[in-house]
Every structure is written in C-alpha cells, then in structure tokens.
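So, here come the structures, one by one.
Heads up, the next two complexes both have subunit A, just with different partners, subunit B and then subunit C.
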Partner chain A sequence: MSNPVFERIQSTIDANDVVVFMKGTQSFPQCGFSATVAKILGHLGVDFQDVNVLADPEIRNGIKEFTNWPTIPQLYVKGEFVGGCDIIREMFETGELRAFLEEKGVKLEQAA
Partner chain B sequence: MTVEDTIRTKLTAAFAPEALSVENDSARHAGHAHLTHHLKTQGRGPADATGQSHFNVTIVADAFKGLGRVARQRLVYDALKDELAGPVHALAVKAKAPGE
Partner chain C sequence: MPMNAADIEHLIKAALPGAEVTITDLAGDGDHYAAHVTSTAFAGKTRVAQHKLVFDALGGRMGGELHALALTTAVPK
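Moving on to the complex of A and B:
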C-alpha cells in the first residue's frame, strides 16, 4: 500500500477497535447521519475513536475510496467496515449491532 | 428529467425491481448548513439548491438475494454513482430481496 492517506486510515482502524469516520466529532456532530451513528454507539456504551473528516480533506476523500463507499459516516469494527448510517440504524433496531459488537469482543458499558 | 426521475430510471434499468420507491426528502433539509456546505464544495451557492438533494430509496429485487447489507448498498451506490458525485447529497437505502 503506497498511498499515504490509505496508510493513515489503515493505521487508525488497526489501532482502534471501533472507529467512526464522521462529519464533526462525537460530542459535536455536524451532520444528522453522523449524529445518528454516534448516538447509537453512545447508547450501547461503546467507546469509539471518532475521525472528523471535515477537519481533514485528505481523509474525507480518501476514506470514500479506501472503503469503496461514497458516503459518510462509516463505521469500522476491528478493521472491518460494517456500514454507514442506514445499515447501523437497521442493525441497531433489529438488535444485530449489539450481538455483532459482543461477538467481536467490543466492550459495551451498561446503557444509562 | 428531475434527479428523482433519473434515480428511478437508473435503478429500474439496473435491477428490474419487484418494488421501488424513491422519495424526495430534500424539503426537510432546505437551507441546512450541511447542504449549503455541500453546494459550496461544488462552487455553488444556496440559490443553486435544487430541492433534489436528499432521497430515500426502498428497493426490492432478486439481485440482492444472498448478499449482505454492505454488498447490497454498494450495488445501489454503483448504479447511482454519477448522481452521488453530483447533485445528490444524501441517499438513504433500504435494499431487500423478494420475500424479506
């Protein structure tokens, strides 16, 4: 892999169990779709690394190519792309997201 | 042809869907900061807002049988890649196989 942006993305998803590439930050999302994903993970008590693509135009464009996925937010768990807002919301509503995270060994705090 | 019509035409051609709904959700987002920003990244201003930027797509087709969520949505995105690179700012997708 010789693309420096791809290398940065790869090292971020290698170094963190759960990563969300999003518009804004988890405490201040700047897009409704990103806010939804952050809220769902917060609800499940998942500690995640946020990457604010608005603060980094290289990542903003690079992540779309890296994942072959044209939209943001994007959720990675243990280096694996799980989906964007629609998929995460659907998996959350059916209970699959919790099961998936548990299966992957991601620590979930008791939801408040 | 509106963007909504183009989406419908392209998805029909690509998947011959059993059911297809394309809902224009743009009005709900009119004037929002993120849309203004989206237009700006394309060198346009708020006056260029077309009312054709946010869509909800629900599609039922054989092509999705046996595929996971990510693979399904990728197929839909691929069929609409020109629109996603241009006027479409957000596309919510529900892709199902018949009988699901």
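Moving on to the complex of A and C:
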C-alpha cells in the first residue's frame, strides 16, 4: 500500500537539489530553528525549495516518519537527509556544510 | 508537562551507559535545553545517527513533550 504523503515528499526532494521542510517560509520563517537554517543557507548563497509544514499538516507529520527524525526543520540535499537545525549549525560553524554542498555540486552564490 | 534537566540526563545515561551528559537550561521554562553528549557509542557514526541514538534514548519525547533540545554530540578523545 503506497503512501501518498511519502510520494509527495519523495517527488519534492527528487525535483529540487536543496529542500528545507520548515515552519513558515524562507522569507517568513515562523520558528527560530527554521529561521536559523534558512539564514545559514542564505549566507552561503544557496537557492532552496522551502516547504511550509505549517500550511500542510500531512507533510508536517509525514516528513517526521519519512525521515525517522522527530523535529522540524529538516534539510535535504540531492534527496539525502542532512540534518536538523543543530546539525546544520554545527556543520556550518566547522565549514563542513560548505564543503558538503560543493562536493554535492550545489551552486553557492558568492564565496565568503 | 515539560521535563527537567535531571530526567533528560537520566534517560540518556540509561540508554548510553558511560556517556557524559551536560544539560544547559536555556530558558528556565523546562522546555528549552541544550545538551552535549559524549559517548563511545557514537564512534564511526554520522551526526544524524548519533543524534538518533539520543532521540531513541529520550523515548519519543523529542519534538513532543520536549519541544526544543539543542543537541551536540561527540566521541570521547
């Protein structure tokens, strides 16, 4: 029995290099953790598709099951779950996030 | 019902014997903590896998009863 919500999630992460399932949108994040991830990606000049889970309750719960990760935001790069806010912030602070994105061939707007 | 720091520490240590756990109460409301966990169980694991071990230790409270836990993990040097 296929899961329509999982299929929606899968097609979103297949269709976009970088996806953030977040509370709110990148221009109007509605949660500190989601805002942090959006700000970090903005700082690195990374275009990403935001999915506002507050506007889509099915996705809000479905993504937690899909990823087997209990919190929002969730960052996907090239279909792979990278982490939530803590992991993204830690990777950013150590420079790992930039290296990871470059290795995955994600375009970073301007070099810092 | 928010959790207290001691409960969080106890749950993590019960699931990860020998782990070092430092809990910081960020807001004093029993709902916003930072936890740093050092454990040999993390060796060779990705950060996502390390964090999942801690989430499992918290028995599904993460994201629910425990709204926000800023988590960092490390392997003992």
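Just so we're on the same page, the second predicted complex is superposed on the first by the 109 of 112 C-alpha atoms of A that agree within 3 Å, B and C clash if a C-alpha of one lies under 4 Å from a C-alpha of the other, contacts with A are read in each partner's own complex, and residues count from 1 in each chain.
Convention: a contact is a pair of C-beta atoms (placed from the backbone, for glycine too) under 8 Å apart; a residue touches a chain by one contact, two chains touch by 3 or more.
Quick caveat: nothing in here was measured; it's all calculated off a predicted structure.
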Quick one: subunit B and subunit C on subunit A, clash or fit?
clash
Of the two partner chains, subunit B (first) and subunit C (second), which one does A:Lys23 touch, if any: first, second, both, or neither?
first
Looking at the overlay, what does A:Gly105 touch: subunit B (first), subunit C (second), both, or neither?
neither
Quick one: classify A:Gly83 as touching subunit B (first), subunit C (second), both or neither.
both
Is A:Asn68 touching the first partner subunit B, the second partner subunit C, both, or neither of them?
both
When the two structures are overlaid on chain A, which partner does A:Gly95 contact: first (subunit B), second (subunit C), both, or neither?
neither
Considering each complex separately, which residues of subunit A are in contact with subunit B in the first and with subunit C in the second?
33, 68-71, 81-87, 90-91
So, in the complex, the side of subunit A touching subunit C is made of residues 33, 64, 68-72, 81-87, 90-91
If we count contacts the way the header does, which residues on subunit B are in touch with subunit A in the complex?
33-34, 69-70, 73-74, 77, 81, 84-85, 90-94
Taking the touch rule as given, give the residues of subunit C at its contact with subunit A in the complex, in rising order.
47-48, 51-52, 55, 60, 62-64, 68, 70-72
Subunit B contact footprint on subunit A (complex, rising order):
23, 30-33, 68-71, 81-87, 90-91
